[in-house]
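Next up, some structures in structure tokens.
Okay, so subunit A shows up in both of these, paired with subunit B first and subunit C after.
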Partner chain A sequence: MRIAILGFGSVGRGIARAILQKDLGITVTGLADSKSGLIDPDGIDIEAALARKQETGALGDPAVRPIDVVRDAEYDVLVEVTPTDAVTGEPALTHIRTAIELGRHIVTSNKGPIAVAYADLAAAAEKRGVCLKYEATVCGAIPLIHGIGEGLAGNSVSRLYGIFNGTCNFILTRMSEEGLTYEQALLEARELGYAEADPTYDVKGIDAAIKLVILANTVFQRQSTLQDVDITGIDQLTPEALRLAEEQECTIRLIGEIAPAENILRVSPRILQKSHPLVVEGTLNAVTVETDMAGEITLIGKGAGSIETASAVIGDLIFIRDRYVKGT
Partner chain B sequence: MKLEMKDTPGQLVAALKPISSVGGNIIAVIHQRDPSSTAETLDVQIVLELPEGRLERLLELLREQGVDVVRLGEERLLHQSSLILIGHLMHTDLSDTVDRIDKTGFAEVTEISLVMPAIDQPSSARITVRSVNLDDMKEAIAILRSVAQQKDILMIEPLEEI
Partner chain C sequence: MRIAILGFGSVGRGIARAILQKDLGITVTGLADSKSGLIDPDGIDIEAALARKQETGALGDPAVRPIDVVRDAEYDVLVEVTPTDAVTGEPALTHIRTAIELGRHIVTSNKGPIAVAYADLAAAAEKRGVCLKYEATVCGAIPLIHGIGEGLAGNSVSRLYGIFNGTCNFILTRMSEEGLTYEQALLEARELGYAEADPTYDVKGIDAAIKLVILANTVFQRQSTLQDVDITGIDQLTPEALRLAEEQECTIRLIGEIAPAENILRVSPRILQKSHPLVVEGTLNAVTVETDMAGEITLIGKGAGSIETASAVIGDLIFIRDRYVKGT
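This part shows the complex of A and B:
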């Protein structure tokens, strides 16, 4: 199977390395980041591209733009892992739309286009007979979307809730364990590389809300946007609040919750008993799915990281390879 | 509840047994024998907790045991939820915040733990609300949510009943 990869940041490189290390039957024929690109129908030398990127910051020809790779490379699946724009979904949205029109399957870790235009993209993909996969957009390594769509197929899901942001979970874990203030815990998260220089998206609950929108629209077939989510972040939390929770053998976690029957679409700090399965430590994510036949299922795992996100992308690629592309 | 039963051995046990069989929890049994009384019956007062919707079944079982229920007391508030409030709680009139729940008649604030680290910093409080049933609890929390919004207080709700 031939793929084109757009985006050569930590996720793109994680995917490239996994392809190098594992015998997956995958050849990369197109590759681009924001500065340069490569197209080779016989397969790109990934090792050389990784080395060039490391040395020069560019992986190939500066004249080759991502959209050129989408149009001109010969590939079965477009892997779209460029940076996310949660408001417009661009430029990823154009890359994905163009590839679908050309009859190519899509695998993406890009939250923007899926949150903004899932219904359109899914309809276009269906019309064109191609597959649109986006496991890596929500909860990194946790096979949540596949788990619900395939493993729990036939169940009806009544409620879905959990921890969707590892940075917030890390901050709350540290506040609770060490009695740190919010500012101290955030500083530590930054020093360890868990929080961005501008942590607004994480700590205000926006990142978790975008993931909820994706799940609401894909799992529950809603037509939600970010504006529909009732969002409260963790930046107003005090160490005293965590201590008061602690006195009752409880703690506080940032919980995203979807309950369509009650019209709940909400991200907010919540009090949980410490023994609750969703009380996970550090940067972990955890999600509980309430279903009619299987009851409650809780999935716990790493929500971010290049290898972990690559794991979700590779899973989607192999799904497509085995069901759609095999033998071609 | 106040029960009346025959003053013969084993009657008290017979009266208490149905309570545990419907999942109830006995809090107190007040059983005072009046030596001067010549009555053949005995009065016993019992304070108990019952899961929702089990009272009818309990009364039925007691009747089968030959125990008369003379009087049924007030229902206690059995559902409990702890919430945390963060903000300028005193400056926004904490007693008014509490009163908005208490005056509903179906729920009340039974406990407050307040921490005020410094005069210019937000305080944090854990408040415990009790209600007769789950729907009342949901309504009480909704009232508190809107009060918190009005007063610019961050309210942290439990994920499940705590």
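This part shows the complex of A and C:
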């Protein structure tokens, strides 16, 4: 199976390294980031591209743009792992649309196109008979989309709720464990590299809300946007609120919840029993899926990280390889 | 897709009801339990069979045995959900071998054949180009085998550990929560229907060990038997041991663990931090999968129950329908 990879940051390089190290039957014939690109129908020398990127910052030819790779490379699957723009979905949206029109399968970790245009993209993929996979857009390494689509196939899902943001979970864990203030815990998260210089996106609940929009639109076939999510962040939480929860064997977590039958689509701090399966520590993510036959299934794992996100992308690639491309 | 179901106890009836209620594109053309059977290439009237079974105890013709259904019915997939014999695997083993020889796919919830003869069955299935699926043999509704095989595809799994027996977990939860003795908690489990009259199989760790053997042989391609598992049950645990654990914010759970590189294949009571993702309450099961790329992924859910087990069987049926049978 031949793939083209757009984006050669930590996720793209993680995928490239996994392909180098594992015998997956995958050849990379196109590769680009925002600065340069490569096309080789016989397979790109990944090791050399990784080395060039590290030494010079450019993996290939500055004249080859991502869209050139989409149009001109010979590949079965486009792997779109460029950075997310949650408002427009671009430039990933154009890359994905173009590849679908060309009859190529898509695997992406980019939340933008899936959050803003999933219904359109899914319809276009269906029309062209290609596969659109996006496991890596929610909860990093946790196989949530595979779990719902295959493991729990045949079940009707009525509710999804859980912890979709590891930065917030780390801050809440530290406030609870050590009695830190929000500001102290945020400082610690920054020092450990778990929070960005501007943490707004995480602590205001926006990142979790984007993942909820993706799940609402994909699992529940809604046509939701970020504006439909009722969002409360964790930045107003006091150590007193956590102490009160602790006194009742409870704690507070930032929970995203979708329950279409009850018109629920919200992100908010919630009080949970400490023994609740969703009460995980540190930067972990955790999601509970409520179903008609299997009951409640909870999945816990790392929600971010380059190799963890690469793991989700590789899972999707193997799905396509085994179901669509094998033997061709 | 046409299926034949062997076994019409709570799991078999759960599957039949799911097929009746959901639009899965599945027709039942053969059906048998130990007392009677039915064959109809145009599709059996499931509702009538359920009613007959309830009224008379016999679902069909006493002259039609399970092996007759295997040989004579027209079906794509054999669904083997008869009771487990963990020593011989029979009669399910013969049913499954025969169906594979006839070129039929297999879905089973029966731990016997998978625990005693997986390598043989997998080789026979491979040779005949058919699919052998067994999600329902471990951890009920939890999509563990799907999770490892598809969601975490491409990952190398180094260790599996978790709670594989809901009866033991209920007893330990009650001993910990209420300070009950083992005998008191067992009595309560019996009264609630969570433990059999003879609880040996569960509390001695044998049920958990059989599931470990299945995972060792399927996920790690070992050739293990029950004799290879180092087993300690929970029947000697004292409330004092639990109290000591509690004093250190810990508790005790019966953990099954496989780590081939360290030669570990054991079931034993273990002390875990209360905040550990595996510390679940009541009859829940929970499994952590340790991988090279995705890190540790934990799955939690109901490990037993007729509809939960039916859910796992249906998931396997849909897998086969979409990958092998669709469009035929």
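Keep this in mind: the second predicted complex is superposed on the first by the 328 of 328 C-alpha atoms of A that agree within 3 Å, B and C clash if a C-alpha of one lies under 4 Å from a C-alpha of the other, contacts with A are read in each partner's own complex, and residues count from 1 in each chain.
Throughout what follows, a residue touches a chain if its C-beta (ideal position, glycine included) is under 8 Å from a C-beta of that chain, and two chains touch if they have at least 3 such contacts.
Since this is a predicted model, take the numbers as computed values, not measurements.
When the shared chain is aligned, no partner comes close enough to touch A:Ile46: not subunit B, not subunit C.
Annotation for subunit A, partner touching more residues between subunit B and subunit C: C. When both complexes are overlaid on chain A, the residue A:Pro269 reaches subunit B alone and has no touch with subunit C. By the touch criterion stated above, A:Glu150 is placed in contact with subunit C alone, subunit B being left untouched.
When the two structures are aligned on the shared chain, A:Leu237 is found in touch with subunit B, with no touch to subunit C. Once chain A of one complex is fitted onto chain A of the other, the partner contacts of A:Gln248 are limited to subunit B, with no touch recorded for subunit C. Across the complex, subunit A is touched by residues 18, 22, 24, 135, 141-143, 146-147, 150-156, 274-275, 277, 279-281, 284, 286, 291, 293-302, 305, 307-308, 310-312, 314-315, 317-319, 322-323 of subunit C. Interface of subunit A with subunit B (complex): residues 161, 232, 236-238, 240-241, 243-245, 247-248, 250, 252, 255, 268-273, 276, 278. Note for the complex: subunit B touches subunit A at residues 82-84, 86, 113, 115, 117, 121-126, 154, 156-160, 162.
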